[in-house]
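Okay, got some structures for you below.
Same chain, two partners: chain A is paired with chain B first, then with chain C.
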Partner chain A sequence: MQTGIAAFLHDAAVLYTLADFIEKYCKEQARSQRYTDASGDFFRYSQSVAHEVKERLGHDVDRAGNLPSSRVDTLRRNALTFKNYLRVLHTFIKPVADAHTLSIPAPLVELACEHLRQIQGMSGSRVAVLLTPLLMYFQRPHTHVKQQAETVGRLIPEAEEFPPRLGFIELPYSQGPGFFTNLAIYHEMGHFVYEELSTSTSPIAQFVSLAQATDRSLRRFTKLQKDAQLQRLAEKIIESWTQEVFCDLLALYLVGPAFSFALVEIFALLGSLSREKRVTFSQEHPAPAFRFAEHVEFLRNGCKWWSAIADVKPDQKKLLLEFSEISRRQYTVYEDDVPKALIAPFLDTIVPRIRELVRGIAPDATPAAERFSNERETIEDCLKVGVVPHSRVGGPPDPVSIINTAFCFYLTSLPDIVERFEGTKAAASAEKRSEWTRKLEDWTMKAIEDSQIQSQFERMQRDGPQQERNSRTHT
Partner chain B sequence: MVLNRKEILERIRRGKASDNGSLVITPLLYEKEKEKDVFDADSVDLRLGCYFLLPKMLDRPFFSPDKSSATSLHVRVHVPLGQFLVVPAHQTILGATLEFIKLPADVSGQVLTKSSVARTFIVVETAPWIHPQYRGCLTLEIANVSNTPVLLYPGRFICQLILMHTARSSRNRKAGAKRTRNGEEKPDPSYFGPVYPEAPKFNDPQDDLLKIGMTCVSRLKKTQLDWKDEKWSERKSEVEEW
Partner chain C sequence: MTPIDLQDRAQYLSLALFAQEVVSVLIEYVDEEKSDNLDAALNKALSSLKGAESSSVSSPPRAAAFTSYEQLRTLEEVWKRRDRDKAKRMILEVLRQPRSSKAKPAANSLIDLFSKLQDQALWNFEQPRPVSPGVMQRLCKLA
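For the complex of A and B:
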C-alpha cells in the first residue's frame, strides 16, 4: 500500500477519471436527449461538481509536493469526501439519464410538479424522475445527498449549489411512457413532501401535533415491550406506516379518485390483493384494505369526490368499497415481522393526526371534484369518438378532470370504443385492448399538454409577456 | 367547394365532438378578437408539434417497405416548445401538427405548406389529402430542399389546412369500409387518433401481391461484405424467391 504523496497521487488520478467521466456523461446526456427542467438542472449541477472536483484535484496535486505529510493526509481525506459524494451522484445519474422525455410521461410529471408547488411550504419544488429496474415506484431520500453536497460545497466553494427543493422519484422502466399506473408518482411525491416537512427548521403545527401523537403511541407500546430492539423496530414501522397514509391522502387531495384506481391496478400487478395480503400489515406498508378504507373515507367525507363519481361503476370502485367494509378486527401482521399491538394505536391516535396534517397543507379538493362534475360529459364525449379532450367554450378542461374522466372511461368504456371502431372480435382481444389503452393514454397526455399550453397562452394574453416570463422564472 | 372562414368556425363551434358534422382543431391558440391570426379567408393555419421521426442510418443499403417499416426507418425525437430542431440541407423528416384534428363526415382536407415557410425552401407534405372523419395530429413530411440547414421551432405555424365539402353518399364510401353503430364509416384503425408523427405501416410485399394472384415474389437479400485480397468487397446482392 502506498503512503504519503504517492498514495495521494494515485487516489487523485482514480478520482479524476471518475469525475471526468461524470462530467462528460452529463454533458452528453443534456445534448443528446430532452429532459424535464428538474432533470436538466440535476445534470448541470452534477457536471459542475465533477468539473470543480477535477479543478480542485489538479490544484491540490500541484501543491502537494511542497506540503508536509500531515497536510497531504488532509488533502487525501478531502479527496475521499469528493469520492464518496461522486459515488452517490453516480447512482442517480444513470437512472435520471434513462428517464428522458420520450421514456416517461413528461406532461404528467410536469403537472405533478405544478401540483406539488401548490402544497403549503413547497413553493419552488420539483422532482427529477429516475427509471428503476424494479417493478415498483419509489422516492429516493434526498436529505443525505444534500448533507453531503453541503460538505463538498464547503470544501469547494466554486461548485454550484445543490438544486434547491429537488426531489427524486423512481418509475419502473416498463411503465415509463404509460399514463394510468404512473399516477403513483403522486404518492411518491408525498414522500418527498414528508421528508421536506420532517427536516424543516420551522415545522408546521400539524406536523408537530403528529409527532406528539406518534410519541404517545410509542410510549404506550414501550410500556408493554421492554426489548430495546423491538422498540426501535416499532418506531421505524410507525414512521413507515405514517408516511404511507400521508402520501396516499396527499395524492388523493391533488389528483382525486384516479389515484385510488391507479393503486388498485398496481397492487393487482404486484399480487398484493390476495385475501391474505389485503388485510396484512407489513413493516413498510399498512394493509391494502386499510389504505383503501382511508381512501373511501376521504373521498366520501373529506371532499365531494365520492358523489362526483357516484354513477361511475368500475369494478375497482366496488373493490374499494369492499375493502372499506372489512372490519379492523380482521387486520393482521406478518408473524415475527411486525408487532400486532402497533395497529390499534396507529389507527386510533396517529391516523387522525395525519388527516389533519394533509388537510392543513394540501389545497382543498372539493373545487376539483366540482370541476370534474361539470366537465366530465364534454371530456367523455371526446374520448368515445377518439378525440383528444378539449373544450369548445371557455378555457381548457382542468387537467384533474381530464385524468379522472379518462381513468373512469378506461375502466368502464374501453371495450365499447374498441368494438365501435374495430368490431366485437377485437374487443375480446388482449392485444387490441392494450393497443387502445395506449391510444387512450396518448389522448389523455396530449389533452394535459394542450391544457398547459392553452393556460400559458391565456395567462400571457391576460398579463402580457413580461408577467408570463416572471411566473415561469418563479416556478 | 372550399369551406370559408365563417363555415369553418361554425363547424368548430357546432355541437359536441361526437357530432358527425363537427370539426375539431385543438388546441386553438388565438385571441378571440384576432381570428385572422389563425383562420384565413379559406384555410386554417396549423402549428408544428413537438415530436419528430428522423431517418435512421440503416444497417443495409436499401429500405424495403414491409412489416418492419414502422420501427426500422426512423428514430423518435422530442423537441419541447421553446427549443428547435435543425433540419440538415436536402434531408426529409417527419413531424406532426401541434393541433389534433377531427374532420366531419362530409369534409375532406388538404394540407399545404405555408407560403412564408415554402419561401425558406422547406416543403411540407407530398401526400396532403385527408379523408373525411380522419382524427389525429397530421403527420407532415418536412423536406429541406435548400442548400443550408434550417431551424424548425415547434409551436410556430408551418402549414395550412384547406377544407372542402364532400357530398355524402353511400357510393363514395371507401370500398369494403365498415360502419359504426350510428351509421358512420369506420375510420382506418391503423392510423386512428395518432398524437405523434406516424411511421408508415405496410404489409409484407408477398401478402399484398398475393391479393392480386402473385404467388411468386422476389426479394433482395441483405448485401454482405467479404474480406478478399486484403480488402473488403461487396458481395453482389442476390435475388431470392419466397
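For the complex of A and C:
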C-alpha cells in the first residue's frame, strides 16, 4: 500500500476523475434536457463544487512536496472527505437527470410546489424531482446535505452556494408519468417542510411547543437519562413517527381526502394492510391504523371534507373507517424492535402538538372542500363522457376539486366508463381497466395544467408580467 | 418515507466535515499564525462536546455536531471519556490565551484528536453499522 505523497497523489487522481465527470455530466444534462428550475439550480451547484474541488486539489498537490508527512496525511484525509461529499451529490445527480419534464407528472409537481409556497415559512421553496429504481416514494433528507454544503462552502469559499430552500422528492420511475399514486408527493413534501422548520434559526411557536413536548415525553424514561446513545436512539424513533404524522396531516390540508385514498393504494401495493402490520409501530413509521385514524379525525372534525364526500363510498373509505375504529389498546410493536412504552406518550403528548403545528402553518382546508362540493358535478360530467374537465361557464375548476373528483370517480365509476366506451366484457379486463385509468389520469393532469395556465393568465392580466413571475416563485 | 441508509451515512459525513473544519483552522493557526476563524470553529466544537453530555434532547438551538445517535456513537468509539475532557480543556486553553506558549502544543494535540474523529467518521460512512439488536433490546428494556 502506498504511503505519504504517493498515496495522496493516487487519491487526488481518483478524486479528480470523479469531480471532472460530475462537472461535465451536470453541464451536459442542463443543455440536453428540459428540467424544472430547481433541478437546473442543483446541476449548477454540483458543477460548481466539482470544478472548485479540482482547483483545490491542484493547489494541494503543488504544495504537498513541501509539507511534513503529518500535513500530507491531512490533505489526503480531506481529499477523501471531499470525495465522499461528491459521492453524496452523485447519488442525487443521476436520479435528478432522469426526471426531466417528460418523465414526471410535471403539472402535479408544479401544483404541489405552488401549494408548498403557501405554507407559512416556505415562501420561495422549490422541489427537485428524482426518479428512483425502488417502487417507493421518498423524500431525500436534505438537511444534512445542506449542512454539509455549508461546511464545504466555508472550506471552499469559491464554490457556489447550495440553492436556498431546495427540497428533493423521489418518485418510482415506473410511476413517473402517472397521477393518482403520485399524490404521495404531498406527504414527501411534508418531510421537506418539517426539515426546514426544524432547522430554522427562529422556529415558530408551535414547533417549539412540539420540541418541548418531545423533550417532556422522553424525560419520563428516567433510566434513559444515564445513557446518551440510547436517549438519541429513542429520540430518533419519536422523530420519525412525528414526521410521518406531520406529513400526512399537511398533505390532507393541501389536497384533501384524495391523499388518504392514494395512501391506501400505496399501502396495499406494499402489503402494509395485513391484520398484523396495520396495528404495528415500527422504528420508522407509526401503525397504519393510527395514521388512518388521524386522517379520519381531520377529515371529520378539522374541515368540511367528510361531509363533502358523504355520498362517495369506495372500499378505500370503508377501510379508512375500519382502521380508525381499531382501539389504541391494540397498537403494538415487533419484539425488541421498538420500545412499546414510547407509544402512549407519543399519542397523548406529542400528537396534539403536531396537529397544532400543522393547523398553524397550513392554509384552511374548508374552502377547498366547499369548492369541491360546488364543482364536483361539472367535473364528473366531463369525465363520464371522456373529456378533459372544464367549466361550462367561467374559469376552470379548482385543481384540488379536479384531483378529488377524479380520484373518487376512479375508485367508484371506472368500470362504468370502460363499459360505456368498450362494452361489458371490457369492464372485466385488467388490461382495459389499466388503459382507461391511464386515460383518466391524463385528462386529470391536463385539467390541472389548464387550470394553472388560466391562473397564470389571470395573474398576468391583473399584476403584469414581473409580478406574475414573482408570485410563482415567491407566493 | 425516507431512505434511512443514506440519512444515517450522511450523519457520518457531516461529522467528518465538521472535524475537517476544526482541523483546518487549527492548522492555519499553528502553521501560518492565522486565527481568523479560530474562535468560531472552536466555540462550535466546545458547545457540541458539551451538548453531547446534556440530557435535553429536543430543545433548540441544536449544536453543530454529536446531536444524533450515529455521531454520538462515532465519538464514543474514538474518544475515551478522558479524551473528551482533554479536548474541552485544550480548546479553552487555545481560546483564552492563543498567544501563550502552551497554546500551540494544545492546538497540535487537538489536531490529532479531531483527525482521529474525522478518520472514524469516514470509516463509518464507508462501513455504516446498523443499530445492533443488543442496543435495541437494551432500549426496549430501559424505556
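In this section, the second predicted complex is superposed on the first by the 415 of 475 C-alpha atoms of A that agree within 3 Å, B and C clash if a C-alpha of one lies under 4 Å from a C-alpha of the other, contacts with A are read in each partner's own complex, and residues count from 1 in each chain.
By our rule, a contact is a pair of C-beta atoms (placed from the backbone, for glycine too) under 8 Å apart; a residue touches a chain by one contact, two chains touch by 3 or more.
All figures in this text were calculated on a predicted structure; none of them were measured in a lab.
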| item | value |
| --- | --- |
| Which of chain B and chain C A:Ala344 touches, first, second, both or neither | neither |
| Which superposed partner A:Arg154 touches (first chain B, second chain C, both, neither) | second |
| Contacts of A:Val61 with chain B and chain C, given as first, second, both or neither | neither |
| Larger contact residue set on chain A - chain B or chain C | C |
| Which superposed partner A:Asn78 touches (first chain B, second chain C, both, neither) | second |
| First, second, both or neither for A:Leu269, with chain B first and chain C second | neither |
| Intersection of the chain A residues that touch chain B with those that touch chain C | none |
| List of chain C residues in touch with chain A within their complex | 1-4, 6-7, 10-11, 13-14, 16-18, 20-21, 23-24, 27, 31, 37, 52-53, 55-61, 67-69, 72-73, 76, 111, 115, 118-119, 122, 125, 131, 133, 135-140, 142-143 |
| Chain A residues touching chain B - in the complex, by the definition given at the top | 34, 100-102, 106, 378, 381-382, 384-388, 390, 392, 396, 420-423, 439, 442-443, 445-446, 450, 453-454, 457, 461 |
| Residue numbers on chain B that touch chain A, as the complex places them | 12-13, 16-18, 24, 26-27, 29, 31, 76-81, 83, 98, 100, 102, 135, 137, 178, 180-181, 186-187, 189, 192-196 |
| Touching residues on chain A, where the partner in the complex is chain C | 71, 73-74, 77-78, 80-81, 84-85, 88, 91, 136-141, 144-145, 147-148, 151-152, 154-155, 170, 188, 191, 201, 203, 208, 211-212, 214-215, 218-219, 221, 223-225, 227-236, 240, 284-285, 336-342 |
